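Each structure below appears as structure tokens.
In the two assemblies presented below, subunit A is common to both, partnered first by subunit B and then by subunit C.
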Partner chain A sequence: MRDVAIVAFAQTRHTGHDTGLTEPELIGPVIGEVKERTGLKRFGFTCSGSCDYLAGAPFSFVSALDALAAWPPISESHVEMDGAWALYEAWVRLQHGDIDSALVYGFGKSSLGDLRTIMTLQLDPYYLAPLGLDQLSYAALQANAAGADRAELDQIVRRSRADGRRNPYALDLPDPEGEDVAVRPLKATDVPPITDGAAAIVLAAGDLASRLCPRPAYIRGIAHRTEPHYLGMRDLARSDSAADAARAAGVGKGPVEVAELHAQFPHEEIILREALGLRDDTEINPSGGPLAANPVMATGLIRIGEAARRVHDGAARRTVGHATSGPCLQQNLVTVLEA
Partner chain B sequence: MGNRCAVIGIGQTRYRSRRTDMSIAGLVREAALRALEDAGLTFKDIDAVVIGKAPDLFEGVMMPESYLADALGAAGKPMMRVHTAGSVGGSTALVGASLIQGGVHERVLVVAFEKQSESNATWALSTHLPFSASLVVGAGGYFAPHIREYMRTSGAPDHIGTLVAVKDRLNALKNPYAHLRIPGIDRAMVESTPMLWEPIRYLETCPSSDGACAMVLSSEGAITGTPAWVHGTAMRSEPIFRAGRDTVSPQAGKDCAADVYRQAGISDPRRDIDVAEVYVPFSWYEPMWLENLGFAAEGEGWKLTESGATALDGDIPWNASGGVLSSNPIGASGLIRFAEAALQVRGTAGEHQVDGARTALGHAYGGGSQFFAMWIVGRDKP
Partner chain C sequence: MPSDPLVAQHVLEFPGGYTRTTGPVIGRFLSELRGRRIVGVRTKEGKVLVPPLEYDPATGEPVTGEFVEVGPAGTVTTWAFVPEPGAGHPLDRPFAWALIKLDGADTALVHAVDAGDPKRLRAGMRVWPVWNDHPTGQITDISCFVPEVTDIVANVRTEYRLQAGGALRVFLEGIERGVFLGGRCDTCAKVYVPYRLTCPECGNAIPETLELPDTGTITTFAINNLPDPRAPEVPFVSAYILLDGSDIPVIALIGDVPAHEVRQGMRVRAVWVPEPERTASMANIRWFAPTGEPDVEQP
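Moving on to the complex of A and B:
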């Protein structure tokens, strides 16, 4: 495979409420930032990820093109998935060998609707959605199956929020306190915050990578897998698709210094750590992770960006970024980044 | 363009107003199984699945690839979901082809669908974001002014749209999968139907269909059956609100065509291409796209249509399948164009086969005439 690296990453200062910005206004500055950082004004390929259901209108990605100043017309595509899968599509496109750069972005404003209920519409419309199982209820089913120790879950939330407070882009959430129940066994503090935000990444191949960035984060492996949709057909205590993706991406070929995991609930972090085969010395979500900022449709892309940032700033030589989609970690993407 | 890629299996459902006999999963599975059967393969032989559809609001299922993973045999495999507005079917084929061309996979299943009977597409398309006034109803309301502008600048006579509406429905009578199969279709019948959006009459617009289309794409080393070789692929997008952009003949369409022609070694599309499946949801888009795609000079597209050149027995048949005007499961409509182009060069299009077709264009567009996806397929290895 051709060497492709992440050479720039930018994200919004995520907010826990609607600041009145439209989606193009949210995206504009982060696109501007990665263009300025790389000096690139045009890209061989552009790909984005977003979801119409967050905006409550069809074609929410169409006006995003206005933020790109896509003129003359650009070679561009869109996935109705987290921006991490847009990054995957761009990485594949760079493998063709005829272009050397790609712009990837993801965005979402989950403040606009009732995210917990909206996520119900992701379920089988005939047999599951009519049951009204919302996002917290099915996450609680998985938490129950995982059967994690309460103290460990509390510790994950405490660590994530503390790290988030040190991350200028994440939300400022207090140490978890109280025993309020969201949906048993999930506590209110186990629930990721409603967040608006966007992120952008520039990929570069070959010589261009080292010209644009002093320490490019090379994608040494990237893979994704899905698994059955029906919760009853899976062992919810584990994630086979994350484990398969991690094997295909080569996570176990070397030590992982930092892993940024798209774990929206603390029990998901435990399941993913095991699926990816991460050892105790791997630092998990130093950015605070989704429990400190969860701009849906950008959260996974931000994990990859944060994992790349550790390589860019010299803090680590080998990191892992992870993204998920679907109810209870149905679909998982894993990428290994190296200096 | 990377590694060679070929279409080795094609499957379509019959397009209908309502497939009440089928769930959404049943619909996509029917198309997928037919494509696999055509290729002589099973789900076990597939490395990855790429699925496309237009806005999720059409069926009320958010990100349905999650729910459809089981029906498409995707469990344990990579699965991606593409959405690029009306061009999505075309883009889905291109994302699938890219996985082969990039050397990532050997065989990819691409599927696109829409089950329009689950909702009302006209109203789903009329929804507008807060604070932006919606001045139009449905896609026809958006495109009608562009058609009027084309008629004004080209001086095309009023009956050209009628000719396309009749021609494509005559072709549909030869396509067993087509939704609108109207016996006795003629100009008088089209002209007797109500005006929906001046100048678009009822029979000059596409239907709302339920349906799915699937293709198996293969690397050179994994071919089974009859291949249709991919000779070129291209996508282009432009902003909807750019002041001064030409919405009648968009630059993105011209650039996309130039890119795909260059890859396929096409210098004169009318001469070098044998048959074209082009996204024509309203009859007037045939003459408009004839010009945008370089088959006719600016202002001359309607003359080509009027001369009969684009009919099944003309020198450059357009939409031999009956096109979007005859079947429109929106998210699948682009993929059907790409699949019909492949059927033609494989020589397996049946009654609507264009004799001796060796090179074909598949085309899709979407949004406010701003997203374009195209490919050229050929009988010969590139």
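Moving on to the complex of A and C:
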């Protein structure tokens, strides 16, 4: 495998409301930031992750290219998934060996519609979507199957929000209070905030990585796995696909100092910690994680960016970034980053 | 529409919806649903997938062509309760989502459960489908599932004609005049009220009635929180009252005093309905009310 590293990461100051910026206007500054930090104006490959249903505009990802300077024509691709999967595609593209750099970005404005029911549209159209099964409902089914301790769940939310308040890019959310029910057993405070935001990452291969960044975060392992979509055909109390991806990425080959997990609900963090085999001394989501800022379609990419940032600034030598997609942690991507 | 002129409503809609082909496996399942049957498909390893898929998710192998009728009842494996249903939800009242392992299936079906009180929900709960009146071949041909019948309500009502004869007639005729009639057993030296023909202790006859006053002392009482047609309000107090000069208390309502002020030893007097309204009935006495005298030491 070719050595590929994350050499730059930028994200917006995420907002809990619609600021009225268009998607290209949202993306533009973070693209500018990673270009400036790496000094690169053009990239061997560009790949993005987003979901047109968030804005309700078919092919909205195409107009997002206006933020890139895409003329003369660039080599570009898009995944209708979180930007973390765009990063995976870019990593695979860099393995071809003919290019040395890639730009990856993800973005989403979940403030524009009703995210809970928009997420119903990702479900199987025969058996699940016609029931109107929404995001909070299927998450609550998994929370009940996992049967986590309420005090532990509350503590995860409290820690995430406190960390988020220290993170200038995340939302300022108060300590969780109240017993309001969202969908039982989920409490209102278990639900991640509606968030608009974007993030960008630059990957570089070979010698270019160390020329662009004093401490590149090398991708030492990256893998994604999926399991059956239908909720009744898998054990919701665990995540076999996250465990498989973690094994394939080599998470257990060394100590993990920091893990950034794409856990949108507190019970998901418990399931993922178990699946990834993380020990108690691994710091989880020091950024605050998705419970402090959840710009859908960028949240997973931000986990990888935050994990890389710990390596870039010398805080850690070995970190893990995780991203998920689909209902109830259906698909999981795990990457191991090292100095 | 929003009032800010720079905010617009935007709707994404596909008029008429997408047409999707079902393929043979899902199509068979939906056709069976239209016929109010639930079928699964058998995998090469012998498992029954419900709802059926074309490929076994565990192995990736194509499933066999064998369809197996399952259910219609099943067992809830996990659930989530929706206290405030949304517009797209299958029920307009609080309901639960559940994974339901139908009898004979090896996988669980996702559907709604109309269980009413969320306290009834638990893993292991047995549920049965409620069918849509006009099945058309969609997963919503099952409107929802409901809990298995585990109990019924058996109503009992029979009517009788009761006649007061003997000692009761004598007593009620006294009540009509505004008097409590009792009787003394000469052998046991006890005064019973209401009047009775024989002493319950020794069995001797009690030939004479004895007029008793309508004042007495509360010996014990209960605060009742369930409505009763005879009581003026809820909560109300029912009490044992030892009428002055008697040895056996009578039971009656206590009124004209807040429930929390009623106490043992309290002195009370019967409150009678006005004389023109009186009949030979205990309804002559509204209740007993405090006299205001000092409390009496308990015997």
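The definition used in the following text is that the second predicted complex is superposed on the first by the 339 of 339 C-alpha atoms of A that agree within 3 Å, B and C clash if a C-alpha of one lies under 4 Å from a C-alpha of the other, contacts with A are read in each partner's own complex, and residues count from 1 in each chain.
Following the convention adopted for this analysis, a contact is a pair of C-beta atoms (placed from the backbone, for glycine too) under 8 Å apart; a residue touches a chain by one contact, two chains touch by 3 or more.
Because the structure is a prediction, the values reported are computed rather than measured.
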Which superposed partner A:Ser137 touches (first subunit B, second subunit C, both, neither): second
First, second, both or neither for A:Val181, with subunit B first and subunit C second: second
First, second, both or neither for A:Gly314, with subunit B first and subunit C second: neither
Contacts of A:Val79 with subunit B and subunit C, given as first, second, both or neither: first
Touching partner for A:Gly97 - first (subunit B), second (subunit C), both, neither: first
Subunit B versus subunit C as contact partner of A:Ala57, first or second or both or neither: both
Subunit B versus subunit C as contact partner of A:Gly254, first or second or both or neither: neither
First (subunit B), second (subunit C), both or neither touched by A:Arg116: second
First, second, both or neither for A:Gly232, with subunit B first and subunit C second: second
Residues on subunit A lying within both footprints (that of subunit B and that of subunit C): 53, 56-57, 125-126, 128, 227-228, 230, 233
Residue ranges of subunit C touching subunit A (in the complex, touch as defined): 6, 10-12, 18, 20, 22, 26, 30, 49-51, 53, 57, 77-83, 86, 88-90, 97-101, 107-112, 118, 138-140
Complex interface listing, subunit A residues touching subunit B: 1, 22, 46, 51-53, 55-63, 65-66, 68-81, 85, 88-89, 92-98, 118-119, 121-126, 128-129, 223-230, 233, 240-241, 244, 325-327, 330-331
Touch list for subunit A against partner subunit C, complex: 20, 53, 56-57, 112, 116-117, 120, 125-128, 130-134, 137-138, 140-141, 143-145, 181, 183-186, 227-228, 230-234, 236
Touching residues on subunit B, where the partner in the complex is subunit A: 1-2, 23-25, 54-70, 74-85, 91, 94-95, 98-99, 101-104, 124-125, 127-129, 131, 234-242, 245, 250-252, 255-256, 259, 367-368, 370-371
